[in-house]
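Here chain A shows up in two complexes: once beside chain B, once beside chain C.
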Partner chain A sequence: MNYREDDTDSEISLKSRHVLVIEDDIGFNQTVCLFLEDLEVNTTGAYTVAEGLEKISNSHFDFILLDGSLPDGRGADFLIGLSKLDLVIPVMMITAEEDQEQMAAYFGMGVDDYLLKPVNFGLIWLKMRRLYRAHIISIRERAKHKKLQELLNEKHLEEGLGRHVYKHLAGEKKELDHIIKSSMQSSGSFNGDFFLSLQGPSGNTFLMLLDATGHGLAAAISVLPQVAIMRAMVEKGFSLPNILFELNKKFNRDMPLDRFVAAVLVEIDHTLGELYVWNGSMPDVLILDNAGKIIRTVCSSHMAIGIMEPEEFNASLETIHLSGGEHLVLHSDGLVEQIGVNKQVFDTERLAQTIERCDEVGSLFDFLLSEFESHRGAVGLGDDVSLCYINLDLLTSHIQNQAQIKCLEPKKQGHIDLTVTINGDLLAKADILELLNSVMNQSQVAVETRQTGFTLFAELVSNALDHGVLGIDSEIKNNHERFIEYLELREQRLQNLSNSDEIKLHFNYNQSKGQIEFEILDSGAGYDPSSINTNDETSLAGRGLALIKQLAHSVECPSPGNKTSIILNEKK
Partner chain B sequence: MADDAVIMLPEKFDFAYHQQFTSRYQALLDSKAPKVILDFSRTQYLDSSALGMMVLLHKKAKGENTITVIRGAVGTAKAILGIAKMEKLYHFE
Partner chain C sequence: MSKHILIVDDSASIRQMVEVTLKSAKYEVTSAPDGQAALDLCKSKSFDFVITDQNMPRMDGITLIKSLRAMPSYRSTPIIVLTTEAGGAMKAQGQAAGATGWMVKPFDPTKLLQVAAKVLG
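Right after this comes the complex of A and B.
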């Protein structure tokens, strides 16, 4: 008989393991040890209970062969001692006893198997191998189970964190509960859909419904930055196309190619009564009249966010003029792809029919949800399902009330005054516009005013530098055929600036007046602004000056024309 | 949409964009595009030189019987285009 092991998994092989043989019959003990040594198993013999316990306390053993009756006690005494050492080692009894009750008791004490004397060595080996293999596999299983438990705990904690962040980001506004209603149902433990409503500084409302690829935390990773960008940009007063470009750019840059986010973004201008919609790969946006009839749909006309390269991305919006009494319904594809108890899909047509069947548009949201639930019955969600409903009239009056309350609040009082002189080489190197932009930013100047200010300052600084300091004839700059000539001349003169070449700026922002005063003085010889005709739209000359005059509240350019003062009023 | 001759304008439409702008519209005019669309949807800022470039584009387009169109202008960009009376030269979409 070939007793050699053919296991390729060395961990479950007894080869090179250490076996303790506790047997008082010296001849039998040595025979067993020799037999095992021959199979490349390390052995140690012990002849009494005490000796067995002493050896096991001092050395590592992988397997124990135990006799039932020893000079100083029984096998049971050894097993009691072993259990106190808190060691998990497979034990096989080799005994002459035939008392079945005694054997049952041994099993209760942790014995794994037994053999009766006289024994067949081949059988000892087969049983040892099987026991040892089962022992190792059970250790592995326990380790796997422990690891799994740890992972599940970790996942649970992560989901808890995700839910917290989601809830926090959504920033639920209780006072709008009856105006903006949303239901987000997750098909997994975590939702890849996300709905957000925000109010911009101009009073416009922004809505965003996202449906990210995948589920769980993977989807959340796509959603979270989008929400953060949206929140920050709306707060700063950016327009929807600007926000969309940023969302797409960041996503395209940061996320893997196979990830993207289908999205509907809506901006509502309550003053103009206009609705702007961008639909990127989401189901139709539905606009209902006060009778609950669908009067307009905005279908997807863009790819999802994150797919297009920034320079290919299209942020053009659909504009809808509101005539009053409209309602808005947004949903994710999970809603119209849900299989019902009747094996049919709750498709777009069924959604439209359900909307039609609703008697009272005010209760449409709850009606749709309950119809959806009875459609699907006990069928599990196939995808994340989101449904949002907005009562546009109520929203507009809510925003207008808010604006009225705001008018009664005490006015802001801050003031900032700054004088900057730049000369010599720094005129060519310092980004004066960026400096002014950052001053306006820090002064909390409203975005729209800041953008107008930036345009004004850009014109004024470029005039002061090009025509004042560098003395370039405006004819060269305004003639596009001579553009290269202009650039060369500019470059050449910028190389030769001296400290007497100078631009002096004075910026003053008065928060309570909502007014920016700006003055720019250059070291040039000046010019006569009245010599420039600003009335001809097709002429290239004087365009900058015309722009300045239109954008600023007042413009002064006293003789000799190297100083310009403007006043810019914040839009109310 | 390959058949639309669209020039996607940058966030800042100023001198720095001159060369790119000129070569793009020249290519479109050379290809006898019936209309050239300037997409402002991402543009936050434009200066007088941008207006100048637009006037020039219009002049050249007119010679080729090409219509010039402004698309997606919002906020300050829209205001500046309005102030500059660009609707006299361009169709607003």
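Right after this comes the complex of A and C.
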């Protein structure tokens, strides 16, 4: 018989391992050692319990062959001593027949197997190999289990952190829960869909529904930076096209090529009663009337965020005039692609039919969710599923009430007058709008007036800087195809500002009169206001001079057109 | 070419131990459970060294040695008796039959290898 090992895995082979043979029959002990040495196994012989324990204390052994009966004790005595050393070494007993009754006890003491004398050497070897292999595999399994536990713990901690960041970014606005309803169901431990509603300094509401490629943590990671950018830019009063450009640019730069985020971004202008929608690769945005009938859909007309290079990105918005009583429904594709108990997908047609079947638009959100759950029954979610519903009338009322509540607060008789001049490089760096917003906050200007003021100042500061100081033709800015050209030109001119480039602001707020006087003067050449097409609804930068005239109590723009003065009255 | 040794013992355990010991020194080993089986083997094969027990069924060690010495090819082959019987009479009997040497059990592998090395040169 060929006893040579053919294991390719050297770790489970006994070759070069060290075996301790504890056996008082010198001839047998030596023969076993010779036999094993011939198989390239290192051996050491011991002839008593004491000698065995002494050897095991001083050297490393991988395997022990143990006789049941030794001159100074039994095999059990050795096993007790071994257990005190806290060593995990496979032990095989080679014992006489009379020791068999002891064997059950020996197994309890850590013996792995035994052979009866007289022994067959081939059998010794086969059993040794098998035991050693099982021993190594068990060590590996324990190590793997330990590693797995460590990884699971690590994953648990990471997910905890992820959830914390997620929750923090999502924010919780309980007071709007009955107006802006959202259900986000995750197919994994993390959701790759994300819904966010924010209020800008102008009072406009911003909504964002994202659906990142894939699902789970990888998808969530794609979403988080988008949420942070959106939140920061809305707070600073940036326009939706600007935010979209930034979202796409950052995503394009920072994320791997195969990652992108389908998104719907909505801005609701409560003052003008307008809705601006950008849909990039998401299912249709649904606009319903008060009877719950779908009166308008905004389908995807853009690629998802992160696909297009910044210079190719199109941030043009679809504008919808609201006539009152509208409701908005946003959802991710996970909703309409969900397989149901009938093996069919929920699909857009079923969604439309379900909306039609709902008797009361006020309960539409709950009705849709319950119909969706009945459809899928016990079938697991195939993708992250999100559904958002916004009652636009209620939202506008809420925003306006909020402003009125602030107005009702007892009036104070204060006055603030501020003149600020900014020139040179600081024009590119200073956040003039943030400054004005902060001044209005500090002056306790009523919320609604502050929001209107912010919209007006944003427009005026933007005009003064872009068209006045930087001399950029408004035609470029308002053209969808040239918007990127505008951004580049702006960037380039901002880098070449001199101290003669200047903007001067004068802000005056009189609390008792409830009036803001605002004047802005730029160092530019001026322009003829009558040459501007103020009714261009498709203009990207928005609402321009027409908006200013609509919102302000009075507007003056004397020749040569580099100064604008407005008066804004607080609403009573 | 390695030397070919014949081990004759009715104890399978002893046969194995001797076999393991000799094989570890790279000898070729054949074993037989009694004298008769060994004699039959020797008729068809040539061994360089024979190690035999004394008390065995069918044919004992002394008879085996006598039979082998009667064969021309085994006249000078070294033959060792490995036995528990260490009495002088038995040794004399063995010597008379033509045994080369005598080893007393318990079996000592080191001593066996020394003897094998000596007789096989």
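Quick notes on this structure:
Keep in mind that, in the parts below, the second predicted complex is superposed on the first by the 400 of 572 C-alpha atoms of A that agree within 3 Å, B and C clash if a C-alpha of one lies under 4 Å from a C-alpha of the other, contacts with A are read in each partner's own complex, and residues count from 1 in each chain.
Please note the rule applied: contacts are C-beta pairs under 8 Å (C-beta built on N, C-alpha and C of every residue); 3 or more make two chains touch, one makes a residue touch a chain.
What you see is a predicted model, and the numbers here were worked out from it, not measured in a lab.
In the superposition on chain A, A:D417 makes contact with neither chain B nor chain C. Looking at the shared chain after the overlay, A:F483 reaches chain B, while chain C stays out of its contact range. Shared-chain residue A:E356: touches no atom of chain B or chain C. Ranking chain B and chain C by residues of chain A touched puts B first.
When the two structures are aligned on the shared chain, A:N314 is found in touch with chain B, with no touch to chain C.
Of the two partner chains, chain B is the only one that A:S239 touches; chain C does not reach it. Touching of chain A by both chain B and chain C, each in its own complex, is seen for no residue at all. Looking at the complex, you find that chain B touches chain A at residues 8, 11, 14, 18, 22, 39, 41-42, 44-49, 51-53, 55-56, 58-59, 71-72, 74-76, 79-80, 83-85, 88-89. On chain C, the positions that touch chain A within their shared complex are 11-13, 16-17, 20-21, 23-24, 106-110.
In the complex of the two chains, the chain A residues touching chain B come out as 239-242, 245, 311-317, 448, 451-452, 454-455, 458-459, 462, 477-478, 480, 483, 537-540, 543-544, 546-547, 550-551. Here chain A touches chain C in the complex through residues 25-28, 30-31, 34-35, 37-38, 117-121, going by the rule given at the top.
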